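Next come two complexes built around chain A: one with chain B, the other with chain C.
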Partner chain A sequence: MIKIAIVGFGIVGRSFAELLLRKRETLAKRIGEFEVVLVADSKSAMYGEFDLREAIEIKKKSGRLKYDAKAVELLQELDYDVLVECTPTRIDGGEGVEHMRIALSSGAHVVTSNKSIVAAFRELEELAEKKGVRLMYEATVGAAIPVIRTIRGYLSTFTITGLAGVLNGTCNYILTRMEDEGLSYEHVLREAIELGIAEADPSYDVEGIDAAIKLVILANTIGIDARFEDVERRGISFLTPEAFKAASEKGYTIRLVAEAGDSLSVRPRLVRKGHPLATRGTMNVIVLHTEEAGSISLAGRGAGGVETASAMLSDLVAIYDSSR
Partner chain B sequence: MIKIAIVGFGIVGRSFAELLLRKRETLAKRIGEFEVVLVADSKSAMYGEFDLREAIEIKKKSGRLKYDAKAVELLQELDYDVLVECTPTRIDGGEGVEHMRIALSSGAHVVTSNKSIVAAFRELEELAEKKGVRLMYEATVGAAIPVIRTIRGYLSTFTITGLAGVLNGTCNYILTRMEDEGLSYEHVLREAIELGIAEADPSYDVEGIDAAIKLVILANTIGIDARFEDVERRGISFLTPEAFKAASEKGYTIRLVAEAGDSLSVRPRLVRKGHPLATRGTMNVIVLHTEEAGSISLAGRGAGGVETASAMLSDLVAIYDSSR
Partner chain C sequence: MTVVVELEDKPGQLLRVLEPISKLGGNIVGIVHQRGRKTPLNRVPVEITLRIDARRVGELVERLEEKVIVRSVDEVTMLESTFLLLIGHIIHTDLSDTITRVDSSDAECVEIFVSMPRRSEASTALLTIAARSKEALSIAVARLKEVCARKGIEVIDPIDGDFV
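Our next item is the complex of A and B:
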């Protein structure tokens, strides 16, 4: 019986729980029986014997779970085999990293969507290795796009020389609209905030912070010992409709491109139309440069609750099912 | 000690042998010691104790290997753990399928780039399962693009509802040139033959036969019991520069798209510019439609000796190394 602890019970955590319920039978065939022994958000929890469906409903209705509790304490007290960590990203690591540290130290695997790992990547990786458990973080970059799996699995026999990506859907939506409609940055940003595509304070996205965090995760995955501070970063707010027009006349568009190679950067770049990086709307794309086979690119939706949770479910199965 | 038999010693087979030599040390760390106990082409072979580097040189210089021999017989007589099969594709299966049948029956794994598997997909899969060995065929579709791995591994917890792809680099090169330069099909085809991008008899590519074979392999991989005859197929020779012009004015281009869903088809289709299927030149792309996460697309070079051999090497390692 695999015991699963879910910490972080917002949209991603609940989507993950929903997937467990919906796919219970097929999952059981792959990894055997499992049960969720803990769900927790920042201030409340349910654990022991409880109904997962009920927990989802309670949280949806009341915004909290049944009991006042601190996840940090529960993770030290309870017995579980895998921590599914989906609390919000904090660039300094914060509680998310603490949750993972506790779980790995106690010999539990970790599956996470939490980009906080950027603050302690090597530490967590080394801890996992020391304890003989797995740290799985496919969901941190590009939602369901299987980039981490591809790098660590399939491409592990290749030589990866670098990578480039469009890693932030909000920026890409704004740039695509500016390109298509000839609208100003301010106009499209306002619209994106109204549509819920951008946050009320959009700086995390439009200044390239989110893309830089994801870039650092990818860079570490291909073996570059990088930190957030190493990324040369420029946002998109200075771009004008005129810049798009000038680019377009020469067959180019402009995208916020994250690159890792000799150095790390996130900045607006000219991209030839038809190039994989010239992706549109909220899509993300990662282009992996290999010595043996040129560039291999992976693209898909860059965000979304079910998308992210699906990546985590695939990670969970990969821990226990090595038949494929 | 893993004993490897390589059958088919053209560009792909030799590229695979070169990779084994070049990556010997890192491979040994992943899968342990290995040796090549047989290399064979259609009429000649070297086996037992021999120097792999020498075999590559002899074949390159003389077009054949040291001893007259039939691979079918050697595969029955010799002792090996994995057959690496890279003889040319024959739509009726031919010797390639016979080689794989012998290997699987004797309890050896098979890694292949040979699209002949299309003629006997279920039979070979069932034989592998019965014998408890693996049939690995990543290299049959899109060279090094990890589409088979992604479907069978990462996406095995997703619901795949269908797929679409640009699976033939020769056609895509011709269509891209027609689009960019406003040239006629005949003109670009002649040019492609001169450049070695198209065969002197190009019908296998331009009539969509190659794309249809790959489509059937992909369809089977996502669980559709399909055969070559099931594919509704139309080639690209009827397309005109005027068709591209009319499409372009509306923001579209034309690509030879292979699709699997309710039915199977290969035919020229209008594709919106900027869509993942609007890939350029000899690139291939596969778009996988999922219930959970929309479309995920994988793109890269569609052909090439080292590219194809690299996919096979990754398949080989996956058989023996399940640590990732």
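Our next item is the complex of A and C:
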């Protein structure tokens, strides 16, 4: 019996729980019997014998779970085989990294969507290795786009010399609208906030912070020992409609491109129309440069609760598939 | 560089030009016979574009002149070019100074389009830089970025390479 602990019970955590319920039978055939022994958010939890369906409903209705509890304490006390960590990203690591540290130290696998791992990537990787467990983080970059798995699995015998990506859907939506309609940045940003594509405080996205964090995760995955501070970063707020018009006359557009190679950068770049990176709307793209096979592109939706949860479910299955 | 020579219209003439180029380590990029522009003496102008170490250009021209009529030598052939977008107060921060910083014997700003939406608002410029080599181009771009950073102008450069 695989015992699963879910910490972080927002949209992603709940989507994951719902997937477990919906796919229970097919999952059981793949990885064997499993049960969720803990769900927790920032201040409350349910654990032991409980109904997962009920937990989802309670959280949806009341915004919290049954009992006042701290996940940090429960993770130390309870017995579980895998932690599914989906608390919000904090650039300093925060509680998310603490949860993962506790789980790995106690010999549990970790599956996460939490980009906080950027603050302690090497430490967590080494801890997992030492304990003989897995740290799976496909969901941290590009939601369900299988980029981490592709790098670590299929491309593990290739030499990856660098990568470039459009890693933030919010920015890409804004840039696509500016390009199509000749609108100002401010105008499109307001529109994006109303649509719920951008946060009320959009700085995390539009200043390239989110893209830079994902870039660092990808860079580490291809073997570059990088930290967030190493990324040269420039956001998109200075862009003008005239810039798109001028670029267009040469057959180019402008995209917020995250690039890792000799150096790390996230900044608006000119991209030829028709190039994989000239993707539109909220889509994400990652182009991996290999010595053997040139460039390999992966594209798909960059965000979403179910998309992200699906990546974590795939990670979970990968852990147990490979060890059976 | 580009050399235009006049060759007699009979077999084997081109070889007289190619030999010295090859001996001096030059690499021919293109050859155009301008048959339609034969001279009154029935010679054909031939335009040869080649890459060669800048220090050997003098010697090459001397050797060519021994064998054929050299009509013109254009030492700086811009083989590499890129364009960049500049956003900011481009005009009021001395545009001509910005451009002059890029120009050198190996690279120059060859084209610029500026659009100014409204006074006091940021302008946008599309700037094309041509250079003799990739290295010269990246030096020129770095120089432009440096001067723009000082002037508070944003620079957007293309992603490297076309890997489609």
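Heads up, the rule we're going with is that the second predicted complex is superposed on the first by the 322 of 324 C-alpha atoms of A that agree within 3 Å, B and C clash if a C-alpha of one lies under 4 Å from a C-alpha of the other, contacts with A are read in each partner's own complex, and residues count from 1 in each chain.
Rule of thumb we're sticking to: contacts are C-beta pairs under 8 Å (C-beta built on N, C-alpha and C of every residue); 3 or more make two chains touch, one makes a residue touch a chain.
None of the values given here were measured: they were computed from a predicted structure.
Of the two partner chains, chain B is the only one that A:300 touches; chain C does not reach it. Contacts of A:6 after superposition: neither chain B nor chain C is touched.
In the superposed pair of complexes, A:206 makes contact with neither chain B nor chain C. The wider contact with chain A, measured as residues touched, comes from B rather than the other of chain B and chain C.
After overlaying the two complexes on the shared chain, residue contacts for A:254 are found with chain C alone; chain B is out of touch. Of the two partner chains, chain C is the only one that A:246 touches; chain B does not reach it. Residue contacts after overlaying the shared chain place A:164 against chain C, while chain B stays out of touching range. Of the two partner chains placed by the overlay, only chain C lies in contact with A:269; chain B stays clear of it.
Shared-chain residue A:27: touches chain B; no touch with chain C. When both complexes are overlaid on chain A, the residue A:153 reaches chain B alone and has no touch with chain C.
Chain A uses residues 274-276, 294-295 to touch chain B in one structure and chain C in the other.
The residues of chain B lying in touch with chain A in their complex are 19, 23, 26-27, 30, 138, 143-146, 149-150, 152-158, 273-276, 278-280, 290, 292-301, 304, 306-307, 310-311, 313-314, 317-318, 322, 324. By the touch criterion stated above, chain C contacts chain A in their complex at residues 83-85, 87-88, 113, 115, 117, 122-126, 154, 156-159, 162-164.
Across the complex, chain A meets chain C through its residues 164, 234, 238-243, 245-247, 249-250, 252, 254, 257, 259, 267-272, 274-277, 287, 289, 294-295.
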